[in-house]
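Shared between the two complexes below is subunit A, which pairs with subunit B and subunit C, respectively.
And then the complex of A and B:
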């Protein structure tokens, strides 16, 4: 690699530099007077905004030159990475709003700086994940994301559930990353490389699957699967989601999953794309990697959705439902086609909006009625009309019904599945959508069809609350009518990525 | 044609109208009611204008509008109507104002939301009947579920929550199967397309097994909506719990979307599969006719009685559709309209009585003909139309269906029509017996002595229906000629496809 190429690659890392810079600024602010420390959220927000703008600018130049900026072998900055970094930064920006609103977190005034430092480390980890192109790099990025997450989950340290969440998360996480590291070393043992592309290049030289490789692959998929809570690596999810503060739960179920999906998709696509390895039967096992993904997808969506039905805690319900959504994304990945990748990117964009929306409503309700139990939502539809209408939009979109964007997201997954002739998977996807309708509508049912026992008025929403809800909700309706921009964006970025 | 914008205008008026309702003040109930009524009447007038400009001799689609929507997938905003859709569009725009008018007293709280949902529902129903793009059709089909869910769930009776969820889950399951079938079908040509006119050419060329699967997926979704026995169990619950206006719309228009879908999609898209499936669906239809009538007979709740009679009446429609002759399809189409009118009116009458007495148990009534003579006369009139008395609308539809399916070459067995004809007799039994128990005999219940007869507003909701009932009964050609070209064209194209 020549020097100019190297330098231009380094230039594309400007958003990451900005994040590191602001991370340090926050550290210093935390050390100084209380008055300065109070400004941390504002500074955190502006840092993210700058990084977001820088990222957009990078994408702009990328569009102009149309060249693939595969600057390093360890990290790649291509259209796919930029799209995901855009999602990560935008969602982190909204996350700061969540933190400001989350009174549970705000109760720890003196630890505010600490909280944002953790958050910034997570953002950095996620951005690195989005462009990781090497197993070691992916592993490190994953740890940069995970370690602060463990602490953040237990941020309310006097709260038993929060501490439990943190410990569980840590234990599961440690095992998962250990297993993944073991998988990486096994792969290195048989391939003498840790690059994502190694499988393709070795296979093209006629080396077939051997048992060690299969084991390694399963371990690595398990490591990634843990991060995006893919069944059967999902056991940490519900308890952690219930125990952690609402804002952290939101973060873990939305932002951190975007990054997890990014690296997982890149790993699968780079390892197998352009080859028929996905469909090549593994000797002695009677199935191929594709059917392995299909199996994981079916398990993930079915377990996630079925369990969600029985949840009364809305955070837990959304947690399980997010497992179900991951199942849809893995399904699109199993389609192993361009259409499938477009479906993944569009799905994630919409997933971010609607999940953020739903979680924000949960958070706002929690600090008004003091409960996260769905059964306590009785009659909210009339007590808080605006909030409830927005919740309906988010829930209808999560359920995947027209005329919301959630429908289109699911539609493109279905299209990809039908094109790839994965009919069984499509049937499971239908089955799961119906289950989803059932439990999402249960929330609406309680809010609108059941009468509240108390008549006391609730604290009203601030203008800021309403604006953020509209920012999240209106696109779901507008894109629900005209979805093409999302798909075009996904297609463009993938084209530049050369997938 | 110059007035090409008319269908979009209908949609814009109903969606825009519902949004307008949202802007009005919540406290002013009568303003909301009047605005809703006026909007729905304007929509009705516009649809009459469409009728006026409609050319009945042309079997193709008219007032066609097309605009690209999703380029990559060949999906477009594509609407147009032919004779069958025109009749159903007219039915929708005709029933909606009446349903709105009927609720002036019964819906007291949340008038704003109610009117909003009713107009939104109208937009969804109109969209379903006008879409010529499978995808657009699907969107309207699904979008209409949400207003109905709320109408049953918020303004319904005691068991409304159970009923609304059951309604939703049933329909949703069917529609998702249809969605997958739509994607499959759209994908089976050279390019992904959901344009119905393109698919009409593509569908019949598919192999038999593909046609069978696709047919089954589509028909499942439609059969749930109709509902065809044994998928009907959501219907009695939904009807009993829904508020009067909800029942009227449900019986009057919503159920027709299922039968409409069968005629619009199943028959022309998959002619070979239609031939395979027709006898089975005809059997289910006949079972539905007999079963629905027998179950109606033993109902204690009059709303349930009317609900089960819908299962029987729509059995006739399904039999007519799969009789696959010009007469039987003509009969099925006019019977969709008839059922909408008669059953809609029956639900209105049941609702008015319920508003006064708060009971729907038949045994608590008796002899009310003396107390409320106008009411009893109208009830008799509507019941007779529902039974199919010659001179009223029901007769025309049932007669055409029976004649058509008797000599149907596809069903090839007169037994279907013969057994179905029993249904006509059974309808007389359960409706007249009901009438006897309610209106004749002596007044046993003292509470009934304070019963008041229909007021002017209520008469205004019923008289237009009665006029149309007589009109269809005496001079059906006004309506039959609208769908004639369509039906004969459909049958000949299926025959041609089968002959190949």
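And then the complex of A and C:
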């Protein structure tokens, strides 16, 4: 790469530079007087907005920078990365609104700056994760994301559940990253490279699978699987989601998962799908990498959805439901086709909207009735009509029923599975959709068909709350009727990525 | 010169020791020390390979890993202290409010 090329490559990282710049600005604002520190949320929001605009502007010039993708750089900025960074930044922008609403977090007035510093480091880690193209970069970005999340999960220092969630997250996370690192070292040992692209060329030169490499792959998939909470690496998810403050739970369940999926998909697709290794039998054991993914996907969906039925804490239920959704995404990845990748991108776009919406409703309800228990939601349908109608939209979409966009997101996963002739997996996916309908509708049943003993009026929503709920909810209905734009967007960005 | 395999066997041994410690020990700080052992096992593999074949990538990686490990320990001890203030224990078996 000559100098001009290098410079224009570095220019594609402008959104990351903006995030780092604003991170420093927030650190200094936190040091200065209280009056300045009060403006931190506004500054955080404008920083994210600027990065988002820079990201969109970059997407326009992508075709020119395409030639830069050839080498084995540790970061790439292809269409896939841009789409995921767009999702991460847009979701973080909505997150700031959540933080302003979250009274649990705001109770710690003097630590407000600290909170946004953690938040910004997490955003930076996610963005680096979305464009990581080398196991070194992936590992560092994963840690940049994970370390602040451990602290953020335990942000409520005097709350027992919060600090317990934090410790559990830390122990699981540290073990998972240690195992993954050992896997990387083994892979480096047998492939003598850590770059995704060089891995693929080395592997297709007939080195084939040796035992060290199988072990390395299992370890690395475990490390990534922990981040996206894929069964059997999911044990931290429900505990952390229940213990952490609601806004952090939202961030972990949406944005952090998006980034994890981005790097996992890139690792699998770049390193294996291009070669024929995906379908090559491993060491005569009668299964290949693809069937391994199919197995993980079936486990993830089934365990996530079945366990969600028995939950009474709504945050815990949504945690298990998010595990179920990850199962669908892994299923689309196992389809190992362009159709599957399009399904992943569009599924995540819709997942962001509906999960955000559901968590915002949980947050708003929590600070009105003071409970996260589903059984306490009795009669809310009549006490808070607008909020409950929006909740119904989000839940129907999460369940994957028409006329919402959630149906089409699932539909494209099914199409990809049928095209790849993975009929068993498709059957399990349908089975899990049915289970999903059961527990999502239970919440609606409690809200509308169970009478509450008390009839005291609840504080009414502000105009801002309603606007954000509509911004999240209406697209689900509109895209449910006309889903083509999402699929076209996913197709275009993947075309640029050259998968 | 010591053959490469010896380094690998040592690092595998270190890794297994670390995993065993994580699984069997109940004190959060000891678990944390075991995790450090796992990271160092990976470091040893990286360094051994890169010095044998003159590939600098492995040594580069080790520096990053050491920095990350230091940060992780700082955060980990802080979290353990925060938990101890709330519950007066760092025994993992007694940290059980959140389950199922």
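One rule holds in what follows: the second predicted complex is superposed on the first by the 487 of 499 C-alpha atoms of A that agree within 3 Å, B and C clash if a C-alpha of one lies under 4 Å from a C-alpha of the other, contacts with A are read in each partner's own complex, and residues count from 1 in each chain.
Simple rule for what comes next: a contact is a pair of C-beta atoms (placed from the backbone, for glycine too) under 8 Å apart; a residue touches a chain by one contact, two chains touch by 3 or more.
Predicted, not measured: the structure shown is a model, and the values here were computed from it.
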{"item": "Partner chain in contact with A:418 - subunit B first, subunit C second, else both or neither", "value": "first"}
{"item": "Touch count on subunit A, higher of subunit B and subunit C", "value": "C"}
{"item": "Partner chain in contact with A:189 - subunit B first, subunit C second, else both or neither", "value": "second"}
{"item": "Touching partner for A:108 - first (subunit B), second (subunit C), both, neither", "value": "neither"}
{"item": "Which superposed partner A:448 touches (first subunit B, second subunit C, both, neither)", "value": "first"}
{"item": "Parts of subunit B lying in touch with subunit A, wherever the complex brings them together", "value": "69-73, 138-139, 142-143, 145-146, 149-150, 153-154, 160-161, 164-165, 168-169, 172-173, 176-177, 179-180, 183-184, 187, 192"}
{"item": "Of all residues in subunit A, those that touch subunit B in their complex", "value": "396, 401-403, 407, 411, 414-415, 418-419, 426-427, 430, 433-434, 437-438, 441, 445, 448-450, 482-484, 487-488, 491"}
{"item": "Interface residues, subunit C side, partner subunit A - complex", "value": "8, 11, 15, 18-19, 22, 28, 31-32, 35, 38-39, 41-43, 45-46, 49, 53, 55, 57-58, 60-61, 64-65, 68, 71-72, 75-76, 78-80, 82-83, 85-87, 92, 95, 97-100"}
{"item": "List of subunit A residues in touch with subunit C within their complex", "value": "136, 139-140, 143, 147, 150-151, 154, 157-161, 163-168, 170-171, 174-175, 178-179, 181-182, 184-186, 188-189, 192-194, 238-239, 242-243, 310"}
